[in-house]
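Order of writing sets the chain letters: A, B, C, D, E and F. Residues in each chain are counted from 1.
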Amino acid sequence: MSADKRPEDKDIYAAGLQVRRDMFGMAGADEQIEAATDFTRPLQDVVTRFCFGETWNRPCLDRKMRSMLTIALLTALGKQNQVRVHVRAAIQNGVSKDEIREVLMHCLVYAGLPAAVDSFATSADVLKQMGLE
Amino acid sequence: MSADKRPEDKDIYAAGLQVRRDMFGMAGADEQIEAATDFTRPLQDVVTRFCFGETWNRPCLDRKMRSMLTIALLTALGKQNQVRVHVRAAIQNGVSKDEIREVLMHCLVYAGLPAAVDSFATSADVLKQMGLE
Amino acid sequence: MSADKRPEDKDIYAAGLQVRRDMFGMAGADEQIEAATDFTRPLQDVVTRFCFGETWNRPCLDRKMRSMLTIALLTALGKQNQVRVHVRAAIQNGVSKDEIREVLMHCLVYAGLPAAVDSFATSADVLKQMGLE
Amino acid sequence: MSADKRPEDKDIYAAGLQVRRDMFGMAGADEQIEAATDFTRPLQDVVTRFCFGETWNRPCLDRKMRSMLTIALLTALGKQNQVRVHVRAAIQNGVSKDEIREVLMHCLVYAGLPAAVDSFATSADVLKQMGLE
Amino acid sequence: MSADKRPEDKDIYAAGLQVRRDMFGMAGADEQIEAATDFTRPLQDVVTRFCFGETWNRPCLDRKMRSMLTIALLTALGKQNQVRVHVRAAIQNGVSKDEIREVLMHCLVYAGLPAAVDSFATSADVLKQMGLE
Amino acid sequence: MSADKRPEDKDIYAAGLQVRRDMFGMAGADEQIEAATDFTRPLQDVVTRFCFGETWNRPCLDRKMRSMLTIALLTALGKQNQVRVHVRAAIQNGVSKDEIREVLMHCLVYAGLPAAVDSFATSADVLKQMGLE
């Protein structure tokens, strides 16, 4: 995308907010944004605009695919707080429990067993809370 | 998979060898295995059996999907030697150039800009060698 | 090991189960395996067969040596949940408290002070629970 | 510094102890050192002498600058236990709340969004406890 | 920054391009952007707008400070290709050779000796090319 | 070690220099130190005193054991430049080629396949240069 062809900034913000609502509900979207302080507002702004408004709305990969990539990336990076929210969002985006399992089994080979063990534990816990495990 | 339901070990080995041939050609399969020494043979064996025979042949995710996950994982882990071979294999597995670009743009958000910059440089170089860039 | 010389798959599974029992007791072996669901069973299977059945039973390095390597690797990777279980297993495998301390002091130089600080805190806590600190 | 020009070892220790007291109070200095066991004493010794006595007292960068670098490094390394103590110490060293926010926004680009999200959450919690957020 | 108070998108792009020119010269700015293909253009666009237009132009930390943070982050992340370009840019931004050395000595404690050794080697090489070492 | 019981600083330096000579020859010890500039001298000083003088001379683990731990740590950290020098030093410290292979096979499980593949390639190359592969 060249700079002059991009959607208006406010449209990107609105689009990102919608993705957040769809994936995380009001608690992970409007409520987080309203609770932001001067300290956390720039972060929330980047999450809404750059992460969800721009990147998650880019072409070629649908939300389901992006959810699986995100779980793999977070597993390699060892970010369990965010594995937690993204497993829930992945189900919302149409990823099945079996597909999450297979993403993690694939991670095991590349990111190592301990990374996979941590993400399996987190995911199983989330799935249980959702009544799926 | 419980232990007693798994395919015979020799079948897993043969299946893994076939995946390696399909994805990397003879140079990345038979030739590497024949060139193995006492020092590198156990590694080659795990690559053939565990990585490609078992994991890449697991259910739910096809090879195209696994290629995209692998590129994302290798980008987060910073393993450029293997980004190189897996970009080539991804094209072989039906991933388009645009899809590779979008996987890397997605990685940028989660693994950081420098990780994405490195994988973009490696991928562009491989695609150029393949006459695709 | 070439594919045709490997032990039968069921023997590797049995050997891995025994290593798990020896190192982690029934709670970290049979009980974990019995508690496995469709979601976690493939992970448990790889842990038993590939990690403990194959790798921990490979030649040249005894269990004590492998315990020390494992603690170093988990410290570099920042996997505190698994430092926790492997410090306990290390004592079981004959690693002394002083040797664990020295492994962590060695990690400090290579993996950085914060990685060592985290593993010292986890290890001291485990050793205290075991009545050794 | 060549070996013969360095301050006496006991002076480095005393200087490091003073930096610890200034940055973390008695609880993060004398009390930690007194609570050290045979297991943790070598770690405490390296923290006092090498980390704070030698490195934090090196020339060119003042404590405020080193605090900001430390928060950035700990964010990239994902060491939240230590982000926690170093955010508090950073305030003590004259880093403002706004400067901490900007360090983390800078980290977001290079270390990725999840690393920044974790450090923002930890920092906001510490600042709240200090009555600054 | 709330979404409605941000500068126009085209102004952010122009500002980012100027930062790139100032820090890396035409070769690291206009020439890279002109050489971009469909594959690499979205990356170049994020570098110009998000990295340099938005983040490097944020308040509280000047370019010199951001250069030092960037070298620390890249050292912790092990991204030597980018240590290379950012050491050169740091000198441009007013960071002295002695300050670079001290940033790396500080990294040594937190990111470990091997990370520091790699960045020292890269930095010494760049400084030599610049006639400063 | 409490501060007052430590050997004199100049003795630690001399001891570290001897370890460097034993493990890396004059090229990796005296020659590197003599080639140090104002920029790299503080690094060389920490390598000699803290890494080799203090840590490698600590009790409980001999040099052979420390070599194996170091190769494992460098593999997990992805530091191939230093895997290169430490494989050579490991042979010097009495680690056999088979033991290096087994350390790397152990790393494969914990740090992931790509980390092991990189270290196998580096190690095989070093061993070949030494006439051992």
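The rule is short, and it goes like this: a residue touches a chain if its C-beta (ideal position, glycine included) is under 8 Å from a C-beta of that chain, and two chains touch if they have at least 3 such contacts.
No experiment lies behind these values; they were computed from the predicted model shown.
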Touching both subunit C and subunit D (chains): A, B, E, F
Centroid distance [mean C-alpha coordinates] between subunit F and subunit B, Å: 31
Subunit A and subunit F: spacing of chain centres that average the CA atoms, whole Å: 40
Sequence positions of subunit B contacting 2 or more other chains: 42, 50-51, 58, 74, 77-78, 98, 101, 105, 108-115
Chain contact graph, described as a line, ring, star, complete graph or other shape: complete
Parts of subunit D lying in touch with subunit B, wherever the complex brings them together: 109-115
Subunit B contact footprint on subunit E (complex, rising order): 37-40, 42-43, 46-47, 51, 74, 77-79, 81-82
Interface residues, subunit C side, partner subunit B - complex: 1-4, 6, 8-10, 13, 41-42, 45, 48-50, 58
Subunit A residues within the subunit C interface of the complex: 78, 97-98, 100-101, 104-105, 108, 112-118, 120-121, 123-124, 127, 133
Subunit E partner contacts - residues on subunit D that touch it in the complex: 50-51, 55, 58-61, 65-66, 68-70, 72-74, 76-77, 96, 98-99, 101-103, 105-111
